[in-house]
Every structure is written in C-alpha cells, then in structure tokens.
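Labels run A, B, C and D following the written order; every chain starts at residue 1.
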Amino acid sequence: MSRKKDLRQTIQKSSVPLMFVLICAVCIPISGLSPSYLANEVVTRMGRNAFLILSLLIPIMAGMGLNFGMTLGAMAGEIALILVCDWQIVGIPGMVLAMILSVPVSVLLGIFCGKILNMAKGREMITSYIISYFINGIYQLVVLYLMGSVIPIKHTSIKLPRGYGIRNTVSLLSMRQKLDNLIPLKIAGIKIPVATFLVVALLCLIIVWFRRTKLGQDMRAVGQDMEVARDAGIKVERTRIISIVISTVLAGIGMIIYLQNMGNIATYSSHSQIGMFCIAALLVGGASVDKASIGNVFLGIILFHTMFIVAPKAGAVITGDSMIGEYFRVFVSYAVITVALIMYETNKRRNKNRAGKQLETEQNGEGGAS
Amino acid sequence: MDEKNTPLLEMKNIKKDFFGNQVLTDINLTLKEGEVIGLVGENGAGKSTLMKILFGADVIRETGGYAGEIRINGEKADFRSPFDAIASGIGMVHQEFSLIPGFTATENILLNRESKKKNIISEIFSERMDTLDRPEMEQRAMEAIEKMGVKIESKMVISDMPVGHKQFTEIARELSKDQLKLLILDEPTAVLTEKEAEALLESIRGMAKRGIAVIFITHRLKEILSVCDRVAVMRDGCLIQNVPAKETDEVQITKWMVGRNVDVSAGAGKEEAKEKEEGEVILSIDRLWVDMPGETVRDVSLDVIKGEILGIGGLAGQGKLGIPNGIMGLYQAGGTVTFEGKEIPLNDPRKCLDSSFAFVSEDRRGVGLLLDESLEWNIAFPAMQIQNKFLKNYLGGLIKWRDEKAIQEVTQKYIGELAIKCTGSQQKARELSGGNQQKVCLAKAFALEPRLLFVSEPTRGIDVGAKALVLQALKQFNREKGVTVVMVSSELEELRATCDRIAIVSGGRIAQILPASTPSEEFGALMVSQVI
Amino acid sequence: MKSRQWIFRLGALAVILAVAALMFVVGRGHTVYFDSKAETAGGKEVAVPYKIEVVVDGEKAAKLYEGERGMASTMGQNFKMRLDITQEKGQTKKTVNVGMKLPYSMDGIVLNLPAMLAGLPQEEYLSEFIPVPSAEELKDEEVVTDEFGDLTGGSEDAGMEGDGSE
Amino acid sequence: MTFMERLKEAVESFGLPRLIITGFLILLLIAAPIVGADLPTQISNIINRFSWNGILVLAMVPMVHSGCGLNFGLPLGIISGLLGATISIEMGFTGGLSFVMAILIATPFALIFGGLYGWLLNKIKGGEMMIATYVGFSSVSLMCMMWLLLPYHSPNMVWGMAGKGLRTTISLEGYYLEVLSKFLQINIGNLSIPTGAILFFAVLAFGIWAFLHTKTGTAMTAVGSNPTFAKAAGINVDKIRLISVIMSTWLAAIGILVYEQGFGFIQLYMAPFYMALPAVSAILIGGASVNKATIMNVIIGTILFQGIVTMTPTVMNNMIHMDMSEVIRIIASNGMILYALTRKTEGSK
C-alpha cells in the first residue's frame, strides 16, 4: 500500500516536469526545427543561464523561498559591465574585472534586501519581488542620471548624446562569447561552451560543498524552523542575510556570464525579466518553493528552454501567427510560477489538516474495539 | 574543593512576582549530584516559573527578574540567558519539542554543536565555513544515545519518528553536552507509551548513577515514587513539602497538592444543586473527540442539566479546553451533541449559535475580540450577525443597515452593568486591560441572550478584583436569566465556588462528575487519575 | 585566532585587488588602425608598397593597398603583428614581424605602416585615433525604461540572432 | 519636550514615508508657480487624473477589508473591463450607450473571474499577495493570446492588414471618449473639472461606504480584522472573502472603463500589467495598511499619488532641465509598498 502511495506522490511531485515533457513532445515535431539546431540552442542556453539559476538555490535552502531579489545581483553585474566597458578592458580579463567589481555592489544590495526580508518574515517572496522593483528605480537613477554626470563615462558609444545616462543598449562585442569560445569544442555539429560549463561545474561543486559546511547546516536548520534554530543558539537573522548576500553575489556573476554570451546589454530591461525566467525554469525542473536541487536546475533549463525555442514556431505553424507562440511562452512562464506557488500553499494547509484525520481514525479504531 | 559537601544546586529564598502578582514565595531547594527529585503541583502552582528562573529564560528578565539566589557547586550563578545556564551544565527538556523536523536524530542531537573540520576557506572567512565531520557526529550521537540507554535510530529523520522517539532525541541532545550536571525534564512521559515511559524511567536511573542530577516534573505520581529520591510538592507558589520518596505515597501527595485552606464559599447553594441534579437534561454530549492541539479530547460523554452551572476542571493539556472549542466548531471534532432533543451538527459554528449557544473563549486576544475595533463592534457583532439585532431594514429587508444608535445603547448598558473601565464605547478593545477585555467578551456573549453559555478560563490572566466581578456576573446571569452555564477552568477553587457540579477531565476523558461540595482532595485525585 | 583570521582576510582581499589591477593591465583593449598612406615626415617622403597584408594573432586583419586603412582589436600593451609586404605588383612577398608596446592611455591608435617600415621614430608613425561620433550616434535616443521591460520581444531573442551569425 | 513627543507620535502614526510624500507634493505645489508652471492647469491635471484612477484604487478596498491583502491581482478585473469594452464596440454600440453596454457586458465576466479568483484565494489563505500577483500576470498573458484569436471584426479595432486580431491601442473617438468627463464639465479659465467622472466615482465610493455599513459589510470588516473571531461568531469566512474578491474584481472592471473614457484609448495586451502597482501604492500612500483601508485613504492616496505623477515632470523639467519624474515615481511608489509590507500587522493572524 505504501509503495502505491509513494508512486502517486512521486508522480504528483514531478507533475510539472512531466507536463513540460508533454508540451515539448507535442511542439517539437510541429515546429519542424531540426534536432541539431535544437540541441545547439539548448546547449547554448544551458551555458548562458545555469549559473544564474544556481544562484536561487541557497535562499530556498534557508527557507526564504524563491529569491525574486536575484534581480539585484543582475543589476550589480550590469553596472560593473558598463564601467568595465567604458574603461575598455576587454575579453576574459574584462569579465574577471567586472565580476570582482560587481561583488561589493551585490553585497551591499544583498544586505539591504536581507534586512528588509527579516522585517517581513512570512511574506518574503512578495517583499523580495517589490524590492526588485524598488532597486530598479535606484538603478535607473544611477545609470540614467548619475552615470556621465557624477560617475565618469568617457565613450560616446555608451553615453547618451545629452551628456549623461547610458544608452538603451551597450555593445559587449569585445567580450562576446569570449568565455564560451575559450576552449573550442564541437561534437556532432554542436558547439559546446566548455569553459562556461567548467565554471558552472565549479559552482555546482561549491554548492555541494557548501551544503556540508556548518553555515550550510545552519541555513537548513533556519529554513525549517527559525525558533528551534534560535533556541539552539544559531544567529537566525544573520544567517538569513548571508544567504541572500550569497545569492545576490552569485546572480551578479551569473549575469556577467549571461551577458557575455548575449554580446550586448539591454541597459534598462536585461535584468527585469531575468528573475522571472530563471525562477520559472527552476520550477519547471521540479523544484518547489521550499526544496530545490542542482538536478532541478539542469532539467529545468532543458525543458523550459526547449519549450521556449519551440513554442513560437509551433504557434506560428498552428495558427499562422508567430505572436501567438511568443505570448504562449510568456503565459507558460507565469503559469508555471503560479501553479508552483499554489501547490506550495495548499500543501502547507494539507499538512495542517492531517492531524485531525489521524485522531478520527484512532477514535474509530477504539470504538470498534470496545 | 570538597565536592561531597557542597550541593550541586542550591536555590535560596527564590521569589518572583509578575507585575505585583506573587507567583513564587521563598523557595528553598537543594540538589546533590546524582539525585533525582520529583516536582509535583497543580497547574499554576509555580513549577514552570521556578524552572524558567533556573534555566535563565528571557521572560523572567523581561518581567523584572527574581529575588533570592541560585548557587551551582557553591558558586553564585546569574544566568542572563538560557545559553549561560547550558554553559553551567543545566539541561532542560521542554514539553514542546524543539527539533528540526527535516533533520536526522544525529543532526538534532548536535544542533549548533556539530563536529567540524577546518579548511582553507574557513581560515579566511569564518569558522562557519568549516565542513561537518559526519562520522564523528554519528559517533558522538551514538554515545549520547547509549548514555540514555534507550535505542533510537540515529539516522532517522525526525518527521518520520514516533512521538516517543522525538522525546528521546531531545533527552539525548541534553546528554550529549559534556558539561551536563543537572537535567530538567518537564512532563517527559506525557507523550510516551507505557513501554517507552518505563524505558525512560530506567534511563533516568542510569543517569543518576552517572552522577547527573535530575529534576523530574510530572503528573504521574507512580512514576515519581518509582524513580525519585525525593518528592517536592508545590502549591500556590510555595514549596510545601520536600520529603524522601520512600516516606510518602500517592494519596498523601495528592492531598498536599490540592489541600489548601478550604474556602468557605465553596459549594454555595448546595440544596439547589441537589434539586438540579434531577432536572431535565438540556445538552447531551456523546462520544465527542476534538483535535485541538495540546488539548485533545478523546471520548467524552456528558449530560448538562437545565439551569445549572457545570464546571469542567482538570490539569492543563488534558483536554478540558477542547470540549467547548470542539462543540462550538472552532476545532475539528466528531461525535454527537444533542441540545433540547435536537442534534447539533459539529464543525459549524453558525449552527451552534443559531441554537442559542454562546461561547466565551479562553483565547481573548486571538478568538474573543476584534482588537482593532471599538467596544461597540465587539459587543454587538455576534448578536447582529446571528440574530439580526441592531439592524435597520430598508427596502423590505433588502438592505440591512447597521443601527449605530442601538449598538451604542447596548454597549453603554453592558459597560454599566459589568463596570467596564474605558474612555467610552468607541474605545478600541486593544487599549483595555485584561480584566476589562474579559468583561467585554462576557458582554458579547450576554448580548446574544443565549440559553446555553460556554465560558472557558474566564479568569485567566486577570487581577483578583476583576476575577470576583467576572464570576459574580456569571452567577447572576445564571440565576436571573436561568441560563445554563458550562464553565471550564483550571482553578479548582474557582469552580467549587461558582459551580453546582464539576466534571474532571483527565487524559481527554471525563474522569467523574461530582457535586461542587466534594472535598478538593477527591478532585485532585481524579485530575491525575488517567493522566497521559 | 581572530587576528589570524583577519590577516587571512586581508591577504585574500589583497590577492583579489591584485588580480583586479592585473586585469586592468592585461585586459586593456586597443583598436589599432593601419594606414598604408604616404607620409611626409621631416621633409622625406616615404615610399608606399603596392600591398600590405597584416596578420594579427594568426588571423588576417587587413589587406591594404595604397591609401587604404584597416583595423584590428587587441588586448594588452604588447602588440605583435606580421606584415606580408608586396613592394610591386607581381613581386614575391616579404615578411616582416613587428613587435611594439602600445601606449596605455590611447583607445584608438593609428599606425602608419610605410612610415614605420621606413624606420622613422615612433612619434612619426603612431598617432591617437579620435573618433568622430557618427550621425547615428548623435541622434537623440529615447530611453525605454518600462518597469516590465519588453515582455514579448524578450531579451532571449537577441541572443538567438547573435547565435545565428556564428 | 511634550510638543516634540507629540510630534513624534504624530509622525509615527502617520508614517514617515507618507509624510515625505505629502511634504514633497506640497513643495511641488509651491515650486510650480515659481518655476513658471501654470497652477490652475496643474490642478486640473491632478483632478482629471484623479477621476480616471480613483475607481481602480477604490477596487483595493473590499479585499483589504476582508483580510485578503493588497489586490495585486487587479489585472484580472481589468481584463473583464477590457472584454466588456471590446465586445460593446464589436456589437456596434456608439457614444454614451457603448459605455453603458461595456459596463453591462463586463459585469458577468467580472463576476465569473472574481468568483474563480476568490475560490482560489480561499484555498491558499496566508499566501494571497504573491499568488494574486502571478494570477494577474498569467491571466494577462493568456488574454494576449485571446486578443489575437477571438473573432473580433470591427474595423476600428482589428489590424488593418490582417483583418483580424485586436490592435494594441484602440481609439475611443466616436465611442465613449470622455462621456463622463464632459458631462457637466466646469471650466473656469485654465481650471477644468470633470464633474461627471467625479460624480461617478462619488456614487461608487458612497456605495462601498454604504455597503460597509450593512450587516454583510460589517462582517467583512470583522473577517479582515480577526478571522477567528468572525468564525467563532458564526460567519462563513470563506463566503465573505469570496464576496470581497468579486466586488474588487468588478470595481476594477468598472475602473478601467472609466480610466479609458478619460484617457481616450483602450490599451490591450501587456497594458494591464502596469495597473496594479500604482493602485496599490496609491492606497498605501493614502494611509491604508495591509489590512485596513477606508474611502478617505482612497481619495487622499489617489490625489497624492497622481499629484506627484503629474507635477514632477513639469516642475522638475522647468527647474533643473532633467526629467527624473519616472525614477522618482518608481522609487516612491515601490518604497511605499515595501514600507507597508514590513510593518507588523498584529491581530491579522
């Protein structure tokens, strides 16, 4: 009986990935895209997004839910890249410098975010979501008004003609895919960004290692029961802030990797959607609000991005309008997050009701005996 | 240092008051190494306050500290937090589990005291980057479990464990602390099966042999007699007996626990009570179960007689609060409840209220009041919603408009009748004192003009003057309006002074129903009769 | 114990700062322009070869006939190139390897190859290139700062186009 | 000393961010004539924008009252309104009648969507705000597909080339453009007051006020104030919450129609996305909290918020020739929401 129950539970748990396998299975043949093109795309996107999505894992471990505030890190990464670009530091050294530069910005933003979230315990997600908008305002203030007027920006290719503020797009031609192509490798016509994968693999190792540290253990404890952790002498607030800071720093570095692949920065919009797409991908991989693994990240990228590539084409074939597919994939991204959030909340409530059921059966059992 | 002569723990003249309300008076207690002492007393006798002082709980400091002194091994101790107490070798196992559900027993036993290994990163950043040394942790956990003498699976996740094993995990956690000299166990056997409880007692004996002193708090007197060296009995904030366990027995302990200077007013209206015993049954409860966390009701059958005041007493956690809460539909419940011959469906507060029940909850701030609304709203709300009182009808009843004037009138009436101290009927309920808030709760129930009134812990957390007024109001309501009252309280004397009959709940079941004039000792014995 | 940790921390910080500083030096990018133009320097006219092929990092950067300009992006201050020079049409190529240090402060550097080959001093053949903003760059640009960004165009697509060019 | 204390208390109860925003607006009003902006024009602008947005902000009130939190799912109601508007035009109604029909058609949609939405929110008590946000987003992106797929044919609405699929913006010229604003409009010099639109807002606001004074309205407030109390008093908490969600959704539907008649265009596709956050921050600026809101909060909040939105560009531009209004708006409105979210709300649990 228990095995049957287990099976049902696993199916229920992996319902979202299964649904995506189904969507992909239907859409791939319809879209008519060649397997090699598809494989190439998925591999590219894997390299591009993996680091960013991995940055979400640690706050989930600390019980702070999906970190919509990862956008903060993305903004820090963008600011660093804009500066490095203006200083004309190119190639891999430019990326390394941008990463180093993004860290202090990310740390500051992370501490801010962590402190606010400590004031809003129990509604971390909506708060981190609003924080991302709030900081976006500050980011615009810095990039649109302070850069060029207070922070020196030299190059007219970056600066707006009016003398201050950054253009809508900043070209990263000098860094474009420098990391991806550092170690060139092609297998069966599929270009593999080996160096990027190595960096991602390193981060995976670090995360695995981190879980085994004292801090990682503390985070798991805080994530499951703040009060018990506090009673045991763990500094709950500090631990939560650290988890957000780590996530923000990783997101900043991830954004730099992401943008080197893209080859340009959309100054005012690159970061705004990144949080949503990363979270959706993670959830598609079978993660939930309180549990996520490295496996979820990779499965999520494969499924979510396959859908992302295929949907517009499939939509165009079916309805004759390419916009339908575009809207469809946006809808799916949002719907996935919605469903995951609903499942999380209903599970929480179901667990609460379980105790009553137990008592009833107990009583009935007793009644039968007497 | 002659350790033989200095006792491990000395508590001298411990006094404590909460805002002028004396809860502990001149407690003197000493404990030698390896000694097991059983601490018994009714709820509210001061046991847990005493233990909180010993354990350096934050509540004590926040409420102005305590008087007297505590010596550990002859040295004066002043604990600023539980961590200080732990450092001096005191361990405590609380009634509520303090465990991380998703962790294994090992991880919980060594929570925040894990074995660690250094690495390069931890040298740079902080010790928190040390990796955990799992094999060593496993070994330390096993040692602690062995010390306890009860086998539990060290690798099992807490949420998969039976309750008893959770309790043992907590005890093992305390035992794993090397400095542990004194262990406080607060009702550890409450959640254990008989077999497990026996194992625990065995392990307490083992600990004592190792030189660890144990303070064992429980309501199960048998256990005390079988394991303790001495028994300390507390009543009304005083330590009234401290005798070797061999020299006493259950009956005597029970007497000490409840036997106080009996109040003359107890058993008021005895003749009336007799008369009512033969009256008609207004409410009949049959095989009720209620899932109220911490107050589980298991199998309660009870008849309430028209016009009486029925008291329900018992120790905390035994289920007396679950009865009214379950009937009124606030917690999941099952069984049958019949009122005036009609069956009342459970889990539906509305049906109860429609049948002219009213309920004054023990949780004033959580359930009883709209803290952020005016007194008018608090008093008139249920009557308005259930009986359409204080409403003006327009368009042939299509629009039911709030009648502010009628609401104000009724509020003023109750403010006068119950002497509620407030600045006016518009004042927010939050701003009132506890006693006055309780009166508002009563007024709310009175405004419903019920035929059956449940009152739960009406005097909890309010001062003496207000207590008398509240009880007086209840009696008056019962006598003048002929309303049947079911009153739940943990204060036996209060029940004896107010009620006609008293039902004692123990272990989630009714132990027995006796007239209020029965001596306290008998009630006391009933209270501990089926404790689980 | 604590102070030891502080030393470690300061050390780590110093290493990171050193890496950053190193990146400044190593990663400085320059755009080098090659001119194959006649130059009159010090009253001497320099002969311009028929064709110069410039090879940087093993890749052909430019093929210059007289009066033409080519460019290459480089990283770091040590600049090496190979010049395959065809003096007259039909003649065989002559290969010259050139190594030089680029000035750190200049973004764009113009090298007059004939002048350099003629062995003139550096200040004669090397000059800073100051870009004149193109008309398109000067055009006022309206900044789009949607709170929600471009939801459907999606930044993801920009990447797709980029990959296509590969 | 005592004065300072009293001042401190007043600041605390009013909230520092709210004080800053009010102060900022007053500063703008003083600065406007100095930098050469025409004050009556500015004031008419504020009043006009108030009349467009007031009802959308009012749509927050029922859900806040019943303890469902801030209605981040406002787009759902807006979609109902958009369906009403487009169907009304598709059916060929013009002028004032098209407005009435839009309301009538939007109503059943609002009731159905609101009902489903409320049912969902009852399943996930405690996590309403986050889920509401994403329900709003999902429904907007779903409708993006629907606007393309639904069989609309009116040449005034569909893409000219394809002959199908709705345009992103649809002009209301000839339909209900300014039907309310122009009704009984008062013009004094540069000052113009859209009497009709304000009256319409007043009627709905009075309706909500009156509703909160009825038996059901009282129950709604109690549910929001302390759901356990309400349950113990025999209130069907889920039902009351459902009613509040439906009311909010319906008000949002009406709100978007009124907004459109003032603005002059129907905005489809991703436009509803933009609507929830300004409305949420407006009511918070007006003094509401996550579980308490009054009609007064709506009026004050909308005026303050719209005041800042309309005044900053002109004043800033005239003053420092830098249009920072957009950035200021983002920081102020989201900062306000953050402030409200980090307040401890006792008694709400």
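A few remarks follow.
Everything below uses one rule, namely that a contact is a pair of C-beta atoms (placed from the backbone, for glycine too) under 8 Å apart; a residue touches a chain by one contact, two chains touch by 3 or more.
This structure is a prediction, so every number in the text was calculated from the model and none was measured.
Interface comparison, A-C versus A-B: the higher number of contacting C-beta pairs is recorded for A-C. Innermost chain of the displayed assembly, by C-alpha centre distance to the whole-protein C-alpha centre, is A. Annotation: 36 Å between the Cα-based centres of chain A and chain C.
Centre-to-centre separation between chain B and chain D, using Cα means, comes to 48 Å. Chain C and chain D have Cα centroids lying 55 Å from one another. Across the assembly, chain C contributes 145, 147-148, 151-152 as residues in contact with two or more other chains. Residue positions 133, 136, 140, 144, 323, 327, 330 of chain A each touch two or more of the other chains. Within the complex formed with chain B, the residues of chain C that make contact are 4-5, 8-9, 11-12. Contact residues of chain B toward chain A in the complex are 82-83, 98-103, 107, 111-112, 114, 116, 122, 127-132, 287, 289, 291, 293, 296, 298-299, 332, 334.
Of all residues in chain A, those touching chain C in their complex are 40-41, 44-45, 48, 87-94, 96-97, 100-101, 133, 136, 140, 144, 155-157, 160-162, 165, 167-168, 174, 176, 191, 261-264, 266, 268-270, 272-274, 277, 308-309, 323, 326-327, 330. Listed in rising order, the residues of chain B touching chain C in the complex are 123-126.
Of all the residues in chain D, the ones that touch chain B in their complex are 213-219, 221-222, 225-226, 228-229, 231-236, 292, 346-347.
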